[in-house]
Amino acid sequence: MSFVTVRDVFQEYDGRPIIERVNLDVAEGEFVSIVGASGCGKSTFLRLLLADETPTRGRITVDGGTPAREPGRERGVVFQKYSVFPHMTVRDNIVAAESFPKGWGWFRGAKLREARARADEVLERIGLAHVAKNYPSTLSGGMQQRLAIGQALHARPRILLLDEPFGALDPGTRLSMHEFLTQLRAETSMTVFMVTHDLGEGFKLGDRVLVFDKTRWDPDYPERYGATITYDFDARDHGIPYQHILDKIPSLAAASEPAPAPN
Amino acid sequence: MRLLNRHPTRPTGILLAALPFVAVLIAYWIGSEIRLAANPQDKLLPAPETIMNTAGRLFTEPNKRTGEILLWADTFASLRRLAFGVGIGALISLTVGVGIGLLPYVRRGLSSFVAVLSMVPPLALLPILFIVFGLGETSKIVLIVIGITPFLIRDLSQRVLDIPHEEIVKAQTLGASTWVIALRVVLPQILPRLIAAIRLSLGAAWLFLIAAEAVAAEVGLGYRIFLVRRYLAMDIILTYVIWITLLAFLIDFALKTLSRKAFPWLGGGL
Amino acid sequence: EQKTDFKLAWSIYAGWMPWGYLDSSGIMDKWAEKYGITVDIVQINDYVESINQYTAGGFDGVSATNMDTLSIPSGGGVDTTALIVGDYSDGNDAIISKKATSIEELKDTKVNLVELSVSHYLLARALDKAGLAEKDLAGVVNTSDADMIAAFATPEVETVVTWNPLVSEILDSNPDANKLFDSSQIPGEILDLMVVNTETLKDNPDFGKAVVGAWYEVMSKMAAGDEEALTAMAEAAGTDLEGYKAQLAATAMFYDPAKAVEQASSAEMPETMTTVANFLFDKGILGVDAPSADFVGVEYPDGKVTGDEANVKLRFDTTYMQMAADGAL
Amino acid sequence: MRLLNRHPTRPTGILLAALPFVAVLIAYWIGSEIRLAANPQDKLLPAPETIMNTAGRLFTEPNKRTGEILLWADTFASLRRLAFGVGIGALISLTVGVGIGLLPYVRRGLSSFVAVLSMVPPLALLPILFIVFGLGETSKIVLIVIGITPFLIRDLSQRVLDIPHEEIVKAQTLGASTWVIALRVVLPQILPRLIAAIRLSLGAAWLFLIAAEAVAAEVGLGYRIFLVRRYLAMDIILTYVIWITLLAFLIDFALKTLSRKAFPWLGGGL
Amino acid sequence: MSFVTVRDVFQEYDGRPIIERVNLDVAEGEFVSIVGASGCGKSTFLRLLLADETPTRGRITVDGGTPAREPGRERGVVFQKYSVFPHMTVRDNIVAAESFPKGWGWFRGAKLREARARADEVLERIGLAHVAKNYPSTLSGGMQQRLAIGQALHARPRILLLDEPFGALDPGTRLSMHEFLTQLRAETSMTVFMVTHDLGEGFKLGDRVLVFDKTRWDPDYPERYGATITYDFDARDHGIPYQHILDKIPSLAAASEPAPAPN
């Protein structure tokens, strides 16, 4: 009863391996957090799930179907930035989730009115009704991400992919977004993959936490090997005690940073 | 205090802004005085009041034979050509630019061709142009189109490529086809850039217009300038030059305003 | 004022090619040295620009037609003397049509030409002789001389008025085109001159002597059919010896200074210049302030003046050509 | 699969890139055949082999009289003018651009003046230019300078303004004077932009060069085209046009390479 | 013995008050953290301290001198971004701190060699010796900020101003930067002002934590009044128990975010 199935997936860029031999089974409705050092290939893996790129080797299937060759309505996505259309009002951004599959990408007349009414409901739910006619550039970062999530969900995807969705927000906003996401999750039962830099966030929101890391390492050729899933934690019940994870995988803390030279 | 931290006060600022204009006027006036003192009939640098009189006459006095005011007829003809040329150039470059920026196949097929085209000196091709498009309005408009389109295409296709890949992916996850992405995601976002690019290429458009009108025309601002050059009527030439500058300025201002008004979502950017 | 350095401008035209040869062959330098001066001869591609430059004071002399001299420098208040009458157009300017076979048939058609140039004048004279006026045409379209050949190749252009080498070029490549009228039908009206600033000439007679002397040395070479000289001129004109000879055939060169003096002193000159002045005034070229066609005075070798005697700005002076004819240089 | 997600394979890509060039060649060849069939003496569209022959001759045969190869002499003369014009324009615009961008006083004094200047059609001012600067090399170089400098100044001063205020503040906290900031913080950072701006304005520079050479010159690519235009020697004109296009392309490529090599700190940006 | 003295400072932009009646005395060597909701004027206050702007009213003096009119060597600064010169190598960025006050901003010959040697020492200390010849664009965010701090300190300012210096870094890097800063602080005894969005960071690093907030509020004209210092906490000994601060000033948590509409 695996819903998303990843089998022996490799990804290379210009002959440089980024991801190696990834295998994964995710059940429908699971919330999977993905953490790992910066540059280890988390976003790349998400792009593979999204079918924005095709893996060099291996296959990714959803619900036993054939591997997708390009992004489509069954996979929704929210990036850290650029997830809403700057030239559409907040409401039109939601309406777009309905009208884009149509021939001209437009609604007119009665259809438009209905779509707008539905969009207003969504805005009400995500707390953006009061700025329905504003353009995204006038919204704060948190409001923009909320809109992006609302827009993605309005297309009713079966899988939702989040790439550091709260990475650019300040801590307070971040907390309120966690709440918002948890609330939405309670209402639908989508399968979610979320890449995050924040271990705490990963454990707080996820059912599972995957850690990406390199299993092999050649000090002379640091780019010779790619990363794969090295840990797969159960994170239900807040994944206590997740704090010890740093002791196990110190690279997560240092992230993009080489240790300061001793002096 | 460092010079870069010093800001002129408001009146000083206005004075400063006026300074170079006044300086040019005075320099002209002195030059004109000197020449006119040597030869009162000198035509090269007519006195400012002569220019004023000429300008007044050009703007108001109808031509004896045809009854129309030449300056306005010239302006109308030239602006019409300019509008057609720029408009057609804009349409072509929108289509091709979106194609190149969005579709890998079109990009491979056309981008190096457009790059080479943009290097061809259009003025040197005038004879071929005339034969293919005739001596009428078409060839003048085509010269403008040929002159500005390669630049517009390159600029716009670059802007399409600059649209964050995330937005394109997002649109795909909402089920948009290539056509819908072009129409609803890409097109509206490069329209402001189109206006900006047009503003940048208007100088070239004027140039090509004047060059085309110099070759063959019966009416037009460039035509008149080249015609009266035959008897060195600098008062008329200068009036026309100032008038063209003013028109260019107004068009530029109108486009800027249009861009601000028509694209509120830019939020002050650009 | 007295000075020793002079500058002449010339542009490419069959009758003016000797100026380029004068410069490149060193003949000008030789004569200038003789009179202890220097004369710089500068080629300018754009004919109108060369006259404008002269009018503005950038040059002491320029090659120009009688008509353009009257309108630009003289009309612009620069007192100008025709130092050399080099030739008159004897078929070098022509009206060529694809369809029409006579001037009368031009009625209600468009004509392409360089407006306000001698072509325009030629057209006006041709129409006049046929009892028509410019308003009987559907209009004239200003067309740059550089593009006249290309223009004639386009379908909508029916009639052009232009000059050599364009005339022969057009007739050669369009065997079925008709020459309706050419300047040989108005002999002596389109004169190609070397005009200089009157004041400069008055203060520096040596300048006039050197230039005229050099010019007639080259004239004698041409008259003798000097291949070397003619080839150099042909090349500078962008054609070959044959082509250049054909152009010269339609140019009534005054190889002999005495002939030039004769032309300048001829009884038709005042009449010609009056016709030209009327044409210019009619076209508004003499300026909006010009009260009438005779607002600029033209003085002839015998002291006769047409136009305003108080405003003589163009003088036909045969003194120097006469010296050349007398071998006094 | 959506068209926008489809990428041509390598061979297809090369084929696609070649397609428009081949199409133009074939179209020309057909046009030329048709015209030559109707009139074997037609000069407008000479047969490709005629052009090849002419080109071969132009590139190798020295002029009998002077012994130099005209095409190379023309190229050399034109490139020299271009280099001077663009070089002087670059120097002026660097100075003025940094001034406008960095110093509020200069900005107030010059920015609107430059904005107006950039609207003046330089071709219409040619007569005045020739009279002020004479008919020698100077006026041709000056036309190029006048033609491109306002654009360069506006572009560069905008780039100076785009330098994050934080950097300027940081430099001040390190004790830098206005002069040091201009020299060590601003100047090096706008040099790559200067090259980019020059690449953009080279087309205009060629245009002005050709226009100036058409009016007064004895040697130069534009002069030659102008000279043979009267005879409709399209084989020579086309050779020159292709040659100019090639030169423009090489210059553009050289500048691009220079920019990449000379400014490693850009890290692939621009 | 107040070192930095702020007296009755007001700042307006286009007639809109941002900062109102701020008074502050800071002793030499103190580390002052500044927190507050987004947009309340923290950066503005820092710019005033920096003398990058002159207050509309009031005066700021250092060590009893006359108010500075523009930034200078006595005040060092590190911003969130753009704090190093992208066109200079890492080493040249440090050398610049010595050479910029010179006439042409350049060193040559022996002087240059000496300055480079000193720069290399600094790089050794801040752990960037191995990238001395790289350009900043090739450095990670954390390394760039480390360089920016090293550069600012190399000019030996009497006051160091930090505007969210670690705001753009990921949590792991952030921690290591805290260590780095604490270490540097131990070596010198500068007066430091640091603006931060992260309360924890403020209390961890600072001796004092200032809170900026509006004291007056007109619901119809939210922009009528400016912010001022509403709290001034002692944060030595890690300022325990700082957690309660959120209860006192809830606006700090919500930051730029309006509360989600109830539904």
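Think of it as A, B, C, D and E in the order they're written, each chain with its own count starting at 1.
Operating definition for what follows: a residue touches a chain if its C-beta (ideal position, glycine included) is under 8 Å from a C-beta of that chain, and two chains touch if they have at least 3 such contacts.
Just so you know, these numbers come straight off a predicted model, no measurement behind them.
Student: Going by the contact rule set out at the top, which chains touch both chain C and chain E?
Tutor: Neighbours common to chain C and chain E are B, D.
Student: For this structure, which two chains have more C-beta pairs in contact than any other pair?
Tutor: B-D
Student: Look at all chain centres (mean of CA atoms) and spot the one farthest from the centre of chain E.
Tutor: Result for the farthest chain: C.
Student: So the centre of each chain is just the mean of its C-alpha atoms; given that, what is the distance between chain D and chain E in Å?
Tutor: Distance between chain centres, rounded to whole Å: 47 Å.
Student: Quick one: report the Å distance separating chain A from chain E, using the average Cα coordinate of each chain.
Tutor: Roughly 33 Å, centre to centre.
Student: Using Cα averages as centroids, what's the distance between chain B and chain D in whole Å?
Tutor: 18
Student: Which residues of chain E are in contact with two or more other chains?
Tutor: In chain E, the residues touching two or more other chains are 70.
Student: Considering chain B alone, which of its residues make contact with at least two other chains?
Tutor: 2, 44, 127-128, 131, 172, 177, 229, 232
Student: Among the residues of chain C, which ones contact at least 2 other chains?
Tutor: Only 49, 52, 56, 146-147, 149-150, 153 qualify.
Student: Pairs of chains that touch, anyone?
Tutor: A-B, A-D, A-E, B-C, B-D, B-E, C-D, D-E
Student: Which chain B residues qualify as touching chain D in the complex?
Tutor: 2-4, 6-8, 12-13, 16-17, 19-21, 44, 102-105, 108-113, 115-116, 118-121, 123-125, 127-128, 131, 151, 168, 172, 177-178, 181, 203-204, 206-207, 210-211, 222, 225, 229, 232, 234, 237, 240-241, 244-245, 248-249, 252
Student: In the complex, go through chain A and note every residue touching chain E.
Tutor: For this pair, the touching residues of chain A are 38, 124-127, 129-130, 140-143, 146, 170-173, 175-176, 179-180, 197-199, 252-261, 263.
Student: Which residues, counting only chain A, touch chain D once they are in their complex?
Tutor: 69-70
Student: Looking at the complex, which residues from chain D come into contact with chain C?
Tutor: 39, 41-44, 63, 65, 126-127, 130-131, 134-135, 213-218, 223, 226-232
Student: Could you please specify the touching residues of chain D with respect to chain A in the complex?
Tutor: 1-2, 5
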